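As written, the chain order gives the labels A, B and C, with residue 1 at the start of each chain.
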Amino acid sequence: MAITLKRWNRQALGAALLVAPLAIFVAVTFVAPLATMLVRSVYQPAVAEALPETLAALAEWDGGSLPDEETFRIAGAEFVALNERRALGSVATRVNRLESGMRSTLLGTARSLAAETPSASWRETMIAADADWGAIKSWLAIRRAGEVITPRYYLNALDLDRGGAGEIVVQPEDRRIYVSLLLRTLAISIAITGICLLLAYPLAWLLAHARPRRAGLLLLLVLVPFWTSLLVRTTSWIVLLQNQGVINDLLVTLGILAEQQRLALIYNMTGTIIAMVHVLLPFMILPLYSIMRAIPERHMQAAASLGASHWQALRRVYWPQSLPGVAAGSLLVFILSIGYYITPALVGGRTGQLISSMIAYHMEQSLNWGLAAALGGILLLLVGTLFFIYDRLVGVDRMRLSG
Amino acid sequence: MPARKFHSTWQSCRWLGLGLWLLGASTAAQTLTLVSYGGSYGRSVELAWVEPFMAETGIEVRMEDYNGGLAQIRAQVETGNVFWDVVDLTTPDAVRACDEGLLEFVMLADLPAAADGTPASEDFLPDSRSECSGGGLVSATIVAFNNQQFPDAPPSRLEDFFDLERFPGRRGMRRVPIANLEFALLADGVPINEVYATLDTEAGIARAFAKLDTIKDEIVFWEAGAQPPQMLADEEVVMTTAYNGRIFNAQVLENQPFTIIWDGQLQETSGPGIVLGTPRLEIARRFIEFMSRPESLAAISKYISYSPTRYSANAMVDSHRETGIAMGPHMPSAPANMKRALISDWLWWADNGDEMNERFAVWLSR
Amino acid sequence: MSAAASHSHSRPRGWLHRGFCAAVLFFLVAPVLVVIPLSFNAEPYFTFTEGMLRLEADAWSLRWYQNILGEGRWLPALGKSLLIGSGAALIATTLGTLAAIGLSSPALPGRGAVMALLISPMVTPIIITAAGMSFFYSDLGLGQTYTALILAHAVLGAPFVVISVGASLSGYNHDLNRAAANLGADWWTTLRRVQLPLIAPGVFTGALFAFAASFDEVVVVLFIGGPDQRTIPREMWSGIREQISPEILAVATFLIAFALLLLAAVNWLRQRDYAGAS
């Protein structure tokens, strides 16, 4: 007994030692970056670091009436000092996200205060320099921008915001975008998964029950696009689908379409769906194939000999047995498609964009990194949940890379 | 206070990172990275500025392309990882970047005087540079079309860009609000001198987006300046907004049957600035000094139809190097092209750019 | 009836089914191949010109191939892609193979959770990974370095190695380990002399997958790469987004040839796999 236990321990320890290097590597180079992102989605210290005195003064402020003269003086002096270090601009940008117009208010006021230090009331001088200082919402915006830990980005990512009293309100209609985009992403992903299943099922069946030699050959055809660079495949679709592309040219040459009727097949939702189905189809075919191969042919024969029609045999006998493959393929395709970025970015145009494009937009264009991180966090939660379901239903160790 | 404690952990992570960086990073010391807009304009920059600069100084210059905007510069300065040295910026971007402390100051006193001794401080067009940019160029966003699409009655006014009935077909438009909002208002009947005042009101913004809505389904968006001529040539669109120099080059170098509609042109100036905190500040300054010389600024007009922002350089503008075409009439500032021209209000865009970008993104997604 | 039915199980619905499958296979393969002839277009268009269809000699040309060799943009990009790809594949294969062997042991506690962790980089949306990494590496001061890219691509490639070696190991007879131990071989010798040679095809397959994953990766490169790290996918990306030129098609043709080569290699390895694991 003692010996068995010892051996078990040694084996387990050996296995753990073998797994440890990669596990640590993944933790450091993959989990830690994701954690960094999640931290960024709630933790934004830049304004707090830049305006410590102003924020300390505003912390005492009731928020119901204008701050007192002392707060004005502290804030004004801090703005001037920051601007001399050329650090006010980035603070102004962050405050501006909460209250449009605050960028020029802050920079302009800092400039005029630097030119002439107020001899009497800072409050009056600042309000004279920019009337925005007479509005409570300007000060509220500064105070809110100074929050180090904030749920703001998650609220924004769900088209919500906080009102003046801190209550949660829905964004005005012309600012709402993310919820509908998320729903659209889910809808497109469902459509892509459905189309993939429809195309893959008959083909996987053929592959699974063809003679091995021919099946191997056909499987190679499935694997050609799987191995080909994603960017190459995307280029191909542009070449094929664009207005003056191969397909439109063919249709016009054959007289099916008039010159003016060329189809808009790309740079829209259609383009995204076509190209993504092409990219993800092998991920549906392969799991289906590996499950179907294990379904004994004689089950269908038996059903047929019992008098079942072909469709009945398919529906009652074959389909239930292939369900594990359907689940594995569909979940995989769905997981991959909700986070897909490259293909929609290149062929999606205006209407074919998914939630991932907004993450890229806030990462690269608007530089609203907190919002990018919050959107990423929501997407990560979604994918994580699906991956968990996949693991429970299918098992990650059943994943295969080829036929 | 948990936030503070967290924060100190965070800072120590950064120090750890610095150590790692010292171990792992390699720094190419004296190669200047110049970032510009690529395509035929990038080629012009290379011929007129980069090659002569390398020949004169022996300093290696590497060119990178980008599509404008401050995002990447901001990211580099904020994370302290500056790998761009000199960036070609539109004046509104340069003003904002300068305000936000993303660029080094460029003193007029450090820029070379004109040949006749006129100091640089008296040699620039008014409002043509920020405190952080060197000498620059005047360019225009215009509407261009492919002649083959409209053989009989070609479009001639900015309004025609929004007229799908008389001029059916897809339109190209840059995927940013700048220029598009102005064009929408101009085409909707707002006089030149009231465009920005109109955009200052909620109703004005709504009016601009409503005008864009009328052609929304026909718009194909572009991002890089090299795309519009390509889209016209491929007949992907029948009309597009574009930078005038790109269309000019397609006309004269590739014999493309394109026409520029100068009516309603939006003029902008641009000039290069130095990214704050670059480790290659000294050679970056030498480059700015070099390209701000009147003869350097004039040299670029041998390759593309953008005119210098310095008076003394304007006098040197001559003819296109490859074809010998006189460049004067092709410049945005030529009197014949100026009948209805809007000068971009960089101050307005500096203040409202972020909000407009956000609203444009929402508009795009619908 | 039964005879007909027993036939139809292998060819359900006969020609209709076959036709459908042929169409799906065509949909999979044809778009990949269409760029190959177009890359020889003498005109800068992305469609077949009349001259090409009439097989006129001067409608076809090698000019785009001359351009990519002459332009000085693609060859350095190839070098960078190879550098990053091989570095990443080396790390991924080493760590991934060890981990797969560890995972194959039924004794490992929490096996499912560990496996899920190791596979997670493969299913996490690349945009999230890239965003996280861009924060992470620039906080560490490692932004825009080869080090960061190689580490990033290694962790993205490792799941392929784990899966591929795992498949090889699933057919591995663990009695061999015991037999080796009985013959006096220590743990390390057994691994090196018995286990590794037998799963070598799976290891090489995994290495090729990891390399291919890095060789085709663009989003992480865009987010954490600097001006030094202009790899082939990154050049392709800006080419597609900005200045589509037929040069892209020539590069694409090279990449297709490369993909076919990889596929052939993997197929060859699969047939040599000890377990014949599928």
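Quick note on the criterion: a residue touches a chain if its C-beta (ideal position, glycine included) is under 8 Å from a C-beta of that chain, and two chains touch if they have at least 3 such contacts.
Predicted, not measured: the structure shown is a model, and the values here were computed from it.
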If you average the Cα atoms of each chain, whose average lands nearest the overall Cα average?
A
Chain pair, most C-beta pairs within the contact cut-off:
A-C
Whole-Å separation of chain centres (CA-atom averages), chain B against chain C:
39
Rounded Å distance, chain A centre to chain B centre (Cα mean)
30
Between chain A and chain C, what is the separation of their C-alpha centroids in Å?
23
Going through chain B residue by residue, note those that touch at least 2 other chains and give them in order.
75, 234
Multi-chain contacts only, two chains or more: what residues does chain C have there?
45-46, 139, 241, 244
Could you list the positions in chain A whose residues touch two or more of the other chains?
242, 244
For the complex, give me every residue of chain B touching chain C.
13-14, 16-18, 20-21, 24-26, 28, 33, 38-39, 62, 64-65, 67, 75, 79-81, 83-84, 223-224, 226-227, 230, 234
Within the complex, which stretch of chain B touches chain A?
3, 6-7, 69-72, 74-75, 78, 96, 99-102, 168, 170, 219-221, 234-236, 276, 350-352, 354-355, 357-359, 361-362, 364-365
Residues of chain C that touch chain A when the two form their complex:
1-2, 5-6, 8-10, 12-13, 17-18, 20-21, 24-25, 27-29, 31-32, 34-35, 38, 45-48, 91, 95-96, 98-99, 101-103, 105, 107-109, 112, 114-121, 123-129, 131-137, 139, 151-152, 154-155, 158, 160, 162-164, 166-167, 187, 205, 209, 212, 215-216, 218-219, 223, 233, 236-237, 240-241, 244, 248-249, 252, 255-256, 259-260, 262-263, 266-267, 270, 278
Residue ranges of chain C touching chain B (in the complex, touch as defined):
45-46, 138-147, 226-228, 238, 241-244
Touching residues on chain A, where the partner in the complex is chain B
43, 45, 85-90, 92-93, 96-97, 100-101, 103-104, 107, 148-149, 174-177, 180-181, 242-244, 260, 267, 349-350, 353, 358, 361, 364-367
